[in-house]
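What follows is chain A paired twice: with chain B in the first complex and chain C in the second.
Moving on, here comes the complex of A and B:
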């Protein structure tokens, strides 16, 4: 029995590594959205049972217990249950309405949307009840779990790992793959701008004021990918699976500061000039090809700019292709209908946001599959 | 017995004192149900009648309402904490210890901290609900934008409060967060492009005036940071949040109340 449990833990540790867990979560989550049978009361009960029993069993493990039950990790529990339940409540109604609309019935909300209810007493009492339940929950929580207070601040003693507040840990996790200017400043800004742009980009008039899935598939899948897979999934990863040195530790692995991880990340330009062009140039006896990585410095001379461009041509070419060629090509190709509906301005903004969002997993996979460090590495800005 | 009881009840509920406060007696007629909503400044946030489908718990999850309620809980518990907490490097931590150790059954800090976490989650859930019901579609586009601003303000409120206990957890979390500001393009001393902003060889953006300096008030986290975060956390951000909430609530009604199918 013990060996089986031990073996099981090893397997879970192995598959918790972000490349595996992120991919598996993304695939399972997206496909699950389409499967109606999951989004039922039984599904919800099963989900709650699985999370509770699984969590309870896992907490028997000493290492998982210490990492998960750190003082400020209480919100992780609330997140898993809160988001899980709400996802079910939303998707249950969405699929139910889809089914109704397939039978040419209006959405369920329509049955009562023409009637009016007195705010006093009906709504006021619902609100009162919610407030009381919420208060009771907060008081019980406060009586049972103490707010954390660690040693007094000591600027000379850096804890390892140092972590941001839990809700920013998804962004901190992205620091593994992106530089701070990108993961810490530009991406949050684009997230905020992108969220604000949603109502102006999504011109689909369907699904206004009721739950549904089928009629708004593209919008819902995009939002869910950002919200659940890229934001909410990376938070527990950053909280529970990142130990000293921000190294990865499986849930049942002990955090030690001595874990050594070989850093062998390689820039795209090194792939190009050292691994591909160099042997090819030798073989073809072309000197310009076999010269290795072009030498650059950080001056702004024309010569140096040319050297930088030469060194990074593939990465720059990729970005040009990604942001300048793809939008146009897609507008003429399989997104033609979308383009015509949105018009040039809206389409440009929408496609820029889509493509930027897609770059995040793309670069993560670049790291996992090819140890990719930077796509473009100039002396002034690295991406 | 019963007639007497009814008599007392009527005297209390229809008394001059009660009427002077609430202006309406027992709201047992439609007219009074309207009057009670209109005569009370708090209830008057609501209309007198709402779309039945929008009242259902399974539609809104009460997530917006509970976000607001948690904000109120945080205001109340926060003010109580402010009575005891002094935002200086010498006193902040010991005040925390006192609040924790010296008050029998004291749970103000717990209430404040757990409500803060709950509010962050609740606001995210509310956004998810609004998305799933397509409630950001016309005519509610602008209220969604206001909502996104409220989401950011909620994060900022929580983030600035995180520093105040002045323990290891606090300063290192804020260090990690505020170091990001250093990497702001052009405006952070370590960010891309900052090196180009020079005047006759003198850098315009350096550790003494960049985005991080603006955030923490010094080159390193210290007493002035604590003071700055305290003011942001207790005064500026709540004020701004209240203004945006007022607009948010106002717009819910101006946009036709809780959304519903056409």
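Moving on, here comes the complex of A and C:
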């Protein structure tokens, strides 16, 4: 029995490395959205039961126990259960309405929306109750759980690992893969502006006032990918799987600051000029090819700009392809209907936001699988 | 001459009726004469100027910050002989935020501020690297073939910075944190950035 459990833990540790766990979570989550039979009351109970039992059984492990039961992690429990319940309630109604519409019935909301109810007292009483319950909950929590305070801050000694508040762990995870300016300023701004732009981009009248999945697949899948897979899954990753030295640790692995992982970063330009073109140039006896990485400095002279461009041609070419070629190709291809409905302006904004979002996991995979540091590395802008 | 449109005459009629109603109630006040208008306006503007002046003076106070410039930017690190070849000294990590690193041929003073987002990396003696606990940036320690402080893993965009280091007349190391040397600017070859050992 012990060997089986030990073996099981090793397997889970192995597959928790994000290139595995992220992929598996994304694939399972997205395909699960399509399976109607999951989104029922029984499904909700089973989901909560599985999470609770699985987590409870795993707490028997000393390492997992110390990681998970840190007082900072209480909101993570709330998040997992809260999001689970909200997701189930929404998807349950969405699939229910899809079925009703297949049977040529109006959505379930139509039946209640014909009977109007008063804001006062019907709605306001519910809100008041929620407010009181939340306050009571917070008071009890703050009385019973001690604040996880540590010794006074010392600039000469950063705690290892040093973690952001739980709701920022997704951002902290992004900071590992991108330049601080990019992950700390540009991407959060794009996220906020993009969320604000949704009502102006979305012209699909279906789903106004009622839940549905079938008529809004692209919108729901995009949102779920951004919110659940990329934002919310990265929070537990940052909580449970990131240990000392910000290395990846399996949930049952001991957090030791001396874990050695071969992580030496390589820029795309180094792959191109050093690993690919250099041996090829030697073989073909072409001097311009085997010259290694073009030498650059941080002046703005024409020569240096040309050298930077030469060094980064593949990365720049990739970004041009991604942001200038792909939108047009998609508008002519599988997003043709989408393009015609939205028009040029709306489509451009929507596809820019979509492709930017898609670029984030792409670069993360680059880091996980090939230690990719920067796609484009100029002295001024690093991406 | 164009006739006034019906809307206009209807509008002015409504307005006159409203004024008449207000006059009947005693609420239509036309008693403000020119003198009273100017004195009220002057008082109003004086108040506004006073408030704005107060705000401006508070803002102006920020122009001369009451700064505590703290202790001197230079410190003596002792004799070069006490640092072993290829070693990292953490003696001044907490007090001065500087690692004194002796490479094979030179002694350098390395800043303990991570070039990613400013946490303090840890010196991992066994792995011979500086590893930052915040986002996992790694920097080489002194080892053959590489310069100490060069970033090689994690998100840090550039190597750790070095401070000016020199020998005093009595043969002690003197570190000046007022002047820093960055590798990406080609400043590490500057003779002020190291002391030959």
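Assume the second predicted complex is superposed on the first by the 356 of 383 C-alpha atoms of A that agree within 3 Å, B and C clash if a C-alpha of one lies under 4 Å from a C-alpha of the other, contacts with A are read in each partner's own complex, and residues count from 1 in each chain.
Keep in mind that, in the parts below, a residue touches a chain if its C-beta (ideal position, glycine included) is under 8 Å from a C-beta of that chain, and two chains touch if they have at least 3 such contacts.
A quick note: this is a predicted structure, and the numbers were derived from the prediction, not measured.
In the three-chain model built by superposing on chain A, chain B fits alongside chain C with no clash.
Between chain B and chain C, the partner in contact with more residues of chain A is B. Within the superposed three-chain model, A:179 lies in touch with chain B and with chain C [touch as defined at top]. By the document's definition of touching, neither partner reaches A:221: not chain B, not chain C.
By the document's definition of touching, of the two partners only chain C reaches A:257; chain B does not.
Within the superposed three-chain model, A:247 lies in touch with chain C and out of touch with chain B [touch as defined at top]. Residue contacts after overlaying the shared chain place A:265 against chain C, while chain B stays out of touching range. Of the two partner chains placed by superposition, chain B and chain C are both touched by A:159.
Rounded to the nearest 10, the angle at the Cα centre of chain A between the centres of chain B and chain C is 60 degrees. Of the two partner chains, chain B is the only one touched by A:120; chain C is not.
Once both structures are overlaid on their shared chain A, chain B and chain C have a minimum Cα-Cα separation of 5 Å. Residues 154-155, 157-159, 162, 172, 179-180, 184, 298, 382 of chain A contact both chain B in one complex and chain C in the other. Here chain C touches chain A in the complex through residues 93-95, 97, 112, 116-117, 119-122, 124, 126-127, 131-136, 138, 151-155, 157, 184-186, going by the rule given at the top. Of all the residues in chain A, the ones that touch chain B in their complex are 71-72, 74-75, 78-79, 82-83, 86-87, 89-90, 93-94, 106-107, 109-113, 115-124, 126-127, 130-131, 134-135, 138-139, 141-143, 145-155, 157-159, 162-168, 172, 179-181, 184-186, 192, 195-196, 198-200, 202, 204-212, 216, 220, 223, 227, 298, 380-382. Partner chain C is touched in their complex by these residues of chain A: 154-162, 172, 175-180, 184, 244-247, 257-258, 260, 263-265, 297-298, 379, 382. Remark: chain B residues 27, 30, 33, 36-37, 43, 46-59, 61-63, 65-66, 69-70, 73, 89, 93, 96-97, 100, 107, 109-115, 117-118, 120-121, 124-125, 127-129, 131-138, 140-142, 144-145, 148, 151-152, 155, 158-159, 162, 165-173, 175-177, 179-185, 188, 190-193, 195-196, 220-221, 259-262 touch chain A in the complex.
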